[in-house]
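These are the structures, in structure tokens.
Shared between the two complexes below is chain A, which pairs with chain B and chain C, respectively.
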Partner chain A sequence: MLRSLTRELRFLRRDRGALFWLALAFALSVIAVSFGIAEVREQRATIATLVEEDAADRANALSTQQDWGGAAYYAFHLTYEPPSDFAFAAVGQRDTAPWKHRIKMLALEGQIHEADTRNADFGLVGRFDFAFLTASLAPLLLILLLYDLRASERTARRHDLLVATVGSPRSLWLPRATLRVLGLAILLLIPLWVGAMIEGASPGVVLQASAIVIGALLVWWLIVELVSRIDASPSVLLTSLIGLWLALAIVVPAISKAAIEAANPVPDGGEILLLQRETVNDAWDLPKDDTMEPFVEQYPEWREDSVIDEGFEWKWYYAFQQVGDQTVAPLARQYREARLERDRDAGLVSLLSPTSFVERAFEKLARTDAMAMVAYEDRIRDFHEDLRRFHYALIFPKVEYDAARLEDLPQYDPSR
Partner chain B sequence: MSMAIRIAREEWRLWLRSKVVVAAALIIAVLLAATSVLTINRIADEQVQRMEQQVAAEETFFAQPDRHPHRMVHYGHYAFRPPPPLAVFEPGVDAVTGQSIFLEGHRQNSAMFADTKAGADLGGFAALTPASLYQLLLPLLLIVLGHAMFLRERESGTLAVLLAQGSSGTKLALGKATALLSVIAIFMIPLIVVAAYSVTLGESVLAAASLVAGYFLYLCIWGAIVLAASILIRQRAISLGALVFVWLFAALIVPRVAINASSAAIDAPGKIESDLVMLAEQRKLGDGHNAADPAFEQLQAQVLEQYDVETIEELPINWRGVVATYSEAELTNLLNRFAENRMALEAGQSRLFDLFGLASPTIAIASSSRMLAGTDLATHHRFLRESENLRFDFVQALNQAHATDLDYALDMNRNNDAASAEAARINAESWQVLDEFRFQPDSAVDRLGRARLPLGILLLWLAIASSFVVWAARKVRV
Partner chain C sequence: MTAPLEARSLSLMREGNAVLDDVSFSVAEGEIFALLGGNGAGKSSTLLTFLGFLRPSAGEVLVEGRSVHANVAAARSSIAYLPEAASLYGHMTAYENLEYFLDLAGRKATRSDLDSAFERVALAEEARSRRLQSYSKGMRQKTAIALALLRETPILLLDEPTSGLDPVAIDEFHDLVKALASSGQTILMVTHDVYGACQVADRVGLLRRGKLVGSFAAEPGRRIDTETVHAAFAEREAA
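Coming up: the complex of A and B.
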């Protein structure tokens, strides 16, 4: 086997077509990885600036406050999801779903759906990242490398002679194809490995990613091999293979996406906002007890302190913000569940399309998939809840205002 | 000419005999039909839904009871962007941007609930639209049909015979081009039908016709590239491989690399980032809720002098309303300055992206297609600007009512007890200040003007590709 591989390596060195595809794969991989690293670094730099400016802005806002309610009203808090150390390989949802928010003590449902995303054209066209390269382009390159192994020998009129001289056809074609698949895999992976070293991605993740790349190429190799058994001209073979690629990479995912989204409708986002706004605004005109009762149900510890005597009190104000969120909670939960449900279905259906499967697997490793985005939103919710508990403990028992205590304000921790 | 038609007819005969070609054409035709019907239905639903939501939002606003005017400023309003008629063919950025926006005092919100955020994630190309089929798949069909059209004559030896009979390479190429053109013409039919349908929905004929013309140009470019390859290359498999590479490059690689490049070249700060810079400036302006803020001293002196009184209590108007009006105007200036800056940077990124059309006709057609359909980034930016005007107008009208219709003393005592709160209200008639908002696409002429650059690039591509064909056909020898 080794001898036949070195023999094939000598042949490959003269096959300009094959060398071109292999060089192209390497160049594209270098481009994808370097753009990925540049983007991830820019996002990290943005976050670093934001963290700093956010703290300065909060300190500034708090410095002029004279009561707890005002301090809660004017202090914004940055929440963010930093890119993982493997995010350079798959930008995933980070172009279409927001990964940074500034929230405050008001009703969260009015804030959490804000989308501070990039240029809409980016999300529409998509980026050239490593996941796209391996999932969509690498199979095409593999097809172009392998489809005319036999046919090119036929064209050169060596085919029958070759088959007659070697003992079994397998020992002729197998090393030749193996070398090409192996070459493609290694040339794709080297830039990824270098990128992973620069970014400090964990070896486990890199190993899994490499296994996915190799596994995907093997699947496509099998497909090419099966189709190539058909006795047809190389151009018919190539046409059929590209047709198969189209079906698996474009048509199947598109149909599945449409079907999944039709089967799992998400509640209209406008309704969440509308209901939340109506609840919060109506509260101004309702008897104060109508707000305080549902509030106390959620936070029984403040029952004693929930009597409102004056026309305006901060605790009443924050209570109806809270009740606004409580009212839309079922809808918001539905929205979240439907997204997760769609993602679960997409995960199942992606078994039908190697392209979808590879992209999803990479997004999962890079933590840029829908699950990671929902998890980020959950962290925002948890943090907002911490904020509420912190402020309620000051606002409800009528603790005397003491700016020093604001130093204990909950801090957003992206790794929690 | 009759020679060209004879050659074209012969080409058709061969195509119809080839199972691969017939199957490919049929599959694409079915995909086109199915995607068109699905997209038309989806867009029609959204159109109706958003229009209804817009009307409902206005009705609820008008139906609000007597209130303190500032309450209505925070009650806010919604602006919806219904998809334009040509979105049935090219939905464009609408899926990514979100189509509704909440408008309230002192804030510019972003459009929320983009479809993509809640979409099932199946990787790169998952959403198929009629436009993306035309941009991606039809060139592949032309490649499958045409990669061997000319070199086949060489392979079978008929080229020598034809040339010996006095036919020239150019005449032969003309015949092959006629055959490809007839295929393109047939595959233009679904687009023409969808465009005609959009005209019945109220789209201008000029925009619909320009869109059809743009795609015709695009497919002709691919036809010319395919024909040139089949003249110049002598083996089928190599011709097909080379054309597939060109397709891979133009349709898949360049557009995405262009996105990476324009994002890396121009750094457009996000909203939060520019908000933070802005907030520091805003703090200098003072807080519009607190009329005793020192930043308003100058304004106070000026207003007192204007009305020739000593104290704000003596003013014939409500000082708190004056402050609200003043600070909303100042803040909006600031907000708009930052928003304009952000949009200008994004527009710069998209312009840079459009220039990559010189490297890929697919970028050029995709950009022209979005611009002509009115589903491009510029239209989204106009929606943001117009909804901002709507926001500013109703907020200021309410602040005006706050200044003139509500007594200052009553306003100051509003939190004393229930009766005082009751007294510090103005009549619900005042809510009629809200303007009716119906977002309309740009005029066809404006859209065409915007699409000048990418359409020009397409023309350039066609000129280069066809001269390439002519050059290749002229030097045909056996």
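Coming up: the complex of A and C.
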């Protein structure tokens, strides 16, 4: 086998057509990885700027406050989900789902879903990142490298001489195809490895990603191999294989995406925003007990302090913000569940298309999948809950205002 | 002693058509056997059956006494095959082509081995390191013949070996084939060149529409008579 590999390597070095596709694969991989790193760096830079401004803005806003309610009202808190060290390879949901929110002590769900009022667009092909290259384009390159391995020799009337000379056809076609698949895999992976080194991605993740790339190429190799068994001209083989590629890499993912979306309707984020706004606005005109009762149900510890006597009191104001969240909670839960449901369905359906499978696998490794984005939203909710508990403890029991205590404000921690 | 090549009641179907019908012959060691026939007579198909590319529908073919289809790779390793209108790689030089194909056969040849083979087929020295796409038809044929020589197999299967060669080259080729046979190689060549076949062969078989319809052997010290064979060939074709 080694001997036939070195023979075919020498042969490949003279095969300009194959060299062209291999060089193209390398160039595309370099471009995809560079794009990914640039995108991730830009996101990090944006986050760094926001983090820097965050503390200063808040200090600025707090410096002029006279009471706890005002302090809670005017302070913004930055939350964000930094890209993982492998996100450069699969930008994934970070393209469409928000990864930063500046939130306030007001009703939260509206703030989370504000960015969602415009629907994420329905793209057939995603961003040009490494995951897209491996999942969608690499199979096409593999097809171009392999489809006429045998057929071209038949057309050139060289097939019988080659096979008669080598004796067993396997010791010709197998090393020829192996080298092309191996070459493609290595040329795709080298830029990924370099990118991973630059980004400091963990070797375990890189190893898994490499295994996914190689596995995907092996699956496509099997497909090409099976189709090439048909005794047809190179152009017929190519047409059939490109048809298969279109079906598996483009049509099946698009149709299954549409079907999954139809089967799991997700409430519009805008609906949540609107309902919450209405609830909060209506609360101004409702009897105060209508607000305080549901609030106390949630936070019985403030029952004693929840009697509102004056016209306006901050605790009433924050209570109706809280109730705004309670009102939209079922809708928000539905939104969250439906997205997770879609994700689960997409996971099942991805078994039908190697392309979807590879993209999902990469997004999972890069933590840019739907789960990761939902987990980020949950982290915002937890943080907001901390904020609430901190502020309620100051607002409800009528504690004397003391700006120094605001230094203990909860801090958002993206790694929590 | 078993014959290096033997066809036993060989019948062959290709896409539903009978291509060979009950053909039997054998070629002895060091013998040159020429299978003569018109277009579509089944000559190339006969060679492809010896190489294991086509499966007999009845009867069998044997190489060195063993059924080809019992071990195709073993049969192929004893045979150097010169295909009809042989085509090597156009983007490689003659040297590179031969190195590659010999490597395929598991043989290593030095530059001087290659050069002496090229000398024997009279391929000009300046051409040898040129790519084959710049070659004439005859030069390509010579390169393919050189490859068959370098294989140094006990058996040679030659399909229209002189097609594309000029008259001088044809004469030289015939001398070469005779030399190979006298050094012990067994040669089965197929052709529709009556004159060439009679010039070189120890025995000529006449194939017509898949049937072996005549056989002519050289007498000691005399070649096969071209006129006789030609008459038989023409008569059979006309029939």
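As a working rule, the second predicted complex is superposed on the first by the 402 of 416 C-alpha atoms of A that agree within 3 Å, B and C clash if a C-alpha of one lies under 4 Å from a C-alpha of the other, contacts with A are read in each partner's own complex, and residues count from 1 in each chain.
By our rule, a contact is a pair of C-beta atoms (placed from the backbone, for glycine too) under 8 Å apart; a residue touches a chain by one contact, two chains touch by 3 or more.
Worth saying up front: this structure is predicted, and the values here are computed from it rather than measured.
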Most chain A residues touched (candidates chain B, chain C): B
Touched partner set for A:Thr355, first chain B, second chain C, both or neither: first
Which superposed partner A:Asn60 touches (first chain B, second chain C, both, neither): first
First (chain B), second (chain C), both or neither touched by A:Pro294: neither
First (chain B), second (chain C), both or neither touched by A:Leu238: first
First (chain B), second (chain C), both or neither touched by A:Arg158: second
Partner chain in contact with A:Pro410 - chain B first, chain C second, else both or neither: neither
Residues of chain A that lie at the interface with chain B and also at the interface with chain C: none
Of all residues in chain C, those that touch chain A in their complex: 48, 51, 53, 72-74, 76-77, 79, 81, 83, 85-89, 91-92, 96, 100-101, 103-105, 144, 151
Residues of chain A defined as touching chain C within the complex: 7, 10-11, 14-16, 156-158, 160-168, 172
Touch list for chain B against partner chain A, complex: 20, 23-24, 27, 31, 38, 49, 53, 65, 67, 71, 74-76, 78, 80, 92-93, 95-98, 100, 102, 109-114, 116-128, 136-137, 140, 144, 147-148, 235-241, 244-245, 248, 252-253, 255-261, 263-264, 267-273, 275-277, 279-280, 283, 346, 349-350, 353, 366, 377, 380, 414-418, 420-421
Contact footprint of chain B on chain A as seen in their complex: 17, 28, 31, 35, 38-39, 42, 46, 49-50, 53-54, 57, 60-61, 78, 92-93, 96-97, 100-102, 110, 113-128, 132, 135-137, 140, 144, 147-148, 151-152, 155, 233-236, 238-240, 242-243, 246, 249-251, 253-254, 256-258, 260-261, 264, 266, 268-270, 273-274, 277, 281, 284-285, 310-312, 335, 338-339, 342-343, 345-346, 349-350, 353, 355-356, 358-360, 363, 369-370, 373
